[in-house]
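What follows is a group of structures, each given as structure tokens.
The same chain A turns up in both complexes below, where it pairs with chain B and then with chain C.
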Partner chain A sequence: MDIAGALSADHLKFLADGFMVTLYIAFISIVLSFIVGILLGTLRYAKIPVVSKIVAVIIETIRNTPLLLIIFFTFFALPEVGIKLSVTVAAILALTVFESAMLAEIVRGGLNSIDKGQIEAARSSGLTYIQTLWHIVMPQALRRMIPPIVSQFISLLKDTSLCVIIALPEFMHNAQIIYAQNVNYIFPIFFVVALMYFIVNYCLSLIARRLESKQA
Partner chain B sequence: MIDFSILIDNWDTYLEGFKNTIFASLIGLVGSFVIGVIVAVMRIAPIKPLNWIGTVYVEFIRNIPLLIIAFFFYVGLPAIGVTLPGFVAGTIALSIYTASFIAEAIRAGIQSVPKGQMEAARSSGLTYLQAMRLIILPQAIKIVIPPIGNQFINLVKNSSILGMIAGLDLMYFGDIVSSHTFVTFDVYIFVALFYLVLTIPLSLGVGYLEKRLARSH
Partner chain C sequence: MFKSKSSKLALILFLAMSMLLAACGKGEKASTGGSSKNALEQIKDKGKIVIGVKYDTRLFGLKNPTSGEVEGFDIDISKELAKAILGDEKKVEFKEVTSKTRIPMLNNGDIDAIVATMTISEERKKEVDFSDVYFMAGQSLLVKKGSPIKGLKDLKKGTKVLAVKGSTSAINIREKAPEATVLEYENYTEAFTALKSGQGDALTTDDAILYGMVDQDPKYQLVGGTFTEEPYGIAVKKGNKELVDAINDALKKMKESGKYDEIKNKWIKTN
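== the complex of A and B ==
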């Protein structure tokens, strides 16, 4: 083992660059997924004839497909039908598609958790269905969605590592480049990378738990 | 349109990957269940050092990517002279990773049984282990089955990671078919369908169990 060599200043900086890419890609993806997830989740919740069924099929299909396959597909298969994306865009697209389906279920769960009596009360006091959703159900549901969304973000940070398959210069990818130079670097690098993921994700999970216990 | 001749011409290759994906998932399920039970017991046993070990395992493993664990066994261990085939390394990694989630599900299930029951069992003369086996676990198992089912679905999907370490699974053989046929799009649509054949019935089954067990409470 060569701890000093593995963790030289250059290497640490290279790892930090990778980690920033991981954070950046994960953050953009979760924001985009939140928007799409709200839309899909609400459509599925609203039980609109045909539309809700179609949305349900889309969500379930994506949720039940491995993310690795989706990442692979956006970068290697889409060019065959004329859609050529850069590595970054392909990564964001794949993560957004997958996470949108996950967040749609969190959104639906949040909406379902609101007492039906409130909808009836709002409707009978003259609000339309859309108004009821927007003013009564959604604001309360959003608060309940925050802890599971933070948990989902933890998954996303971990899953971003799968983008090594398309050579996105993220944390794991940069780590690979370093330990590929020298067998003696492998263990120190693995340790640092795992530790870094652990620290960030553990802090996030503490936040999620705190938010959850505050609401309970 | 999707070219079905790819599926028909390479049926055996796909099937080989499909079988290995099922194998890896089943071995991973058994492995992660065994480790998960041990870790869950460590976390709730009335012995402090065991609690700590259990907690460290769960918190560390579930907060790092599965990929690191898989690479550790496939790339890391050869550095100290232990070389594992991709399938073995991947399946071990899947078991270790999924175990942290299963341990949490089991712990939550056991702790959802009211404390008074353990106290009652203990004061009527049962040992801790007897009380656990005869009173607590039979009740906890009902609560624990749906989340374990969900973890199994994740396990099946996560087994695709074998494709990155030459683990001979669906992803791996998908790559082989696509390098034979020079087609990527259609080849991976079929790979996805093979996964869905496994995961969709599992999801429906778990959803059904969740509803039924929720009603019986």
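== the complex of A and C ==
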């Protein structure tokens, strides 16, 4: 083990560069998959003829496929049909597709947990179905969804490391390059990598807890 | 791929959004091909050659976190190629490839050529065109000093041999030592760490890479000599005869001028 060599200033800076890529990719994927996930989850919940069925098939297909395969798909298979994406876009697309499907199920679960009596009450007081969803059901459901949604975001942040397979220059990738310099660097680097993931993800959990207690 | 129909639907939906993202500035645009000019003329028009190299392989292509540059035998050869084809060794752009991504990236037009410890094989010749051999490696075994394993014949039932995924050495060792258990790792450092932590009895890959490991930890040694020939070639997209000729010409001149030996001696130490 060579702790001083492994954790030199240059190496830490290189790791930090990778970590910024991880945060960047994760942030964009989180925003996109949150929007798409709410949309898909609501569509499936609303039981619109045909549409909800199609959405259900899409969600189930993606949800039951490993993320690694979806990453392979966006990077290796899409070019075969003429769609060329850069590594960054292919990674964001794969993560967004996968996490949207996961979030959609969380959203549907949250919506289902709201008592049907409330919907009936809102409808009989003259609100349209959309208004009922938007003003009555969704705000309550979102509050209940915070813990599972945040843990999904934490998974997403960690899952970005799978993109190492398509050589995205993210955190884990840069860590691998550092310990490729010298095999004695491997454990100190692993320790730092684990620590960084822990810090960021623990902060996410803390934010979620604060959000919950504020809204309760 | 019975599942692809519905996921395609979903993909198209999200594609528009990703395109937007790419337009927002961060996404690098893939180089576009498809004109009637041949690959060599296109490279000359662009004024640079894009070469796919490894970023994680000691001695051949390894990114240096301090300088941010990629360094190694493959890198120096690529620079010489740029010098021969475009007149300036700086007119080369490196893109990272792995054993898995290099052929798809070449065929997508992301890179013009692969210089990434790639063994010329009949199987691969169906997908890409190769230059002449630019480096002759041979597969060997790395063991801890004092190990009872002295060569291929000692790889008996129950012996664990470590190899790297997607490499020809993993395929070869299964043929040469069918009784041994082969464990495959993501990259060379992980395979070497596995050997050091006792996950396996021997590590197999090309001798040049194994010498790089001995260099890091002299408690290990190569045994049994080389038992295969691994001719490394430079790969280009199929049907680009002009580019292959230009590369072969450059390699020939490098060997004649002594530049090739200079580069080889700089990186590859056989003892």
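Methods note: the second predicted complex is superposed on the first by the 203 of 216 C-alpha atoms of A that agree within 3 Å, B and C clash if a C-alpha of one lies under 4 Å from a C-alpha of the other, contacts with A are read in each partner's own complex, and residues count from 1 in each chain.
Keep this in mind: contacts are C-beta pairs under 8 Å (C-beta built on N, C-alpha and C of every residue); 3 or more make two chains touch, one makes a residue touch a chain.
Computed from a predicted structure; not experimentally measured.
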Joint occupancy of chain A by chain B and chain C, clash or fit: clash
Touched partner set for A:Phe198, first chain B, second chain C, both or neither: first
More chain A residues in contact [chain B versus chain C]: C
Which of chain B and chain C A:Ala208 touches, first, second, both or neither: neither
Which superposed partner A:Met172 touches (first chain B, second chain C, both, neither): first
Partner chain(s) touched by A:Phe76 [first = chain B, second = chain C, both, neither]: both
First, second, both or neither for A:Thr61, with chain B first and chain C second: both
Contacts of A:Ile186 with chain B and chain C, given as first, second, both or neither: both
Partner chain(s) touched by A:Ser161 [first = chain B, second = chain C, both, neither]: first
75-83, 111-119 or 201-209: stretch of chain B that collides with chain C: 75-83
Overlap of the chain B and chain C footprints on chain A, listed as residue numbers: 61, 65, 73, 76-78, 165, 176, 179, 183-184, 186
Touching residues on chain B, where the partner in the complex is chain A: 59-60, 63-68, 71-72, 75-76, 79, 153, 157-161, 163-164, 171, 183-185, 188-189, 191-192, 195-196, 199-200, 203
Residue numbers on chain A that touch chain C, as the complex places them: 8, 10-11, 13-14, 24, 28, 32, 36, 54, 57-58, 61-62, 65, 70, 73-79, 83-86, 88-89, 92-93, 96-97, 100-101, 165-167, 169, 174, 176-184, 186
Complex interface listing, chain C residues touching chain A: 3-4, 6-7, 9-11, 13-15, 17-19, 21-22, 26-30, 55-58, 62-66, 96-98, 100-101, 104, 107-110, 186-189, 192-193, 196, 213, 216-217
Contact footprint of chain B on chain A as seen in their complex: 60-61, 63-69, 72-73, 76-78, 80-81, 154, 158-159, 161-162, 164-165, 172, 176, 179, 183-184, 186-187, 190, 193-194, 197-198, 201-202, 205
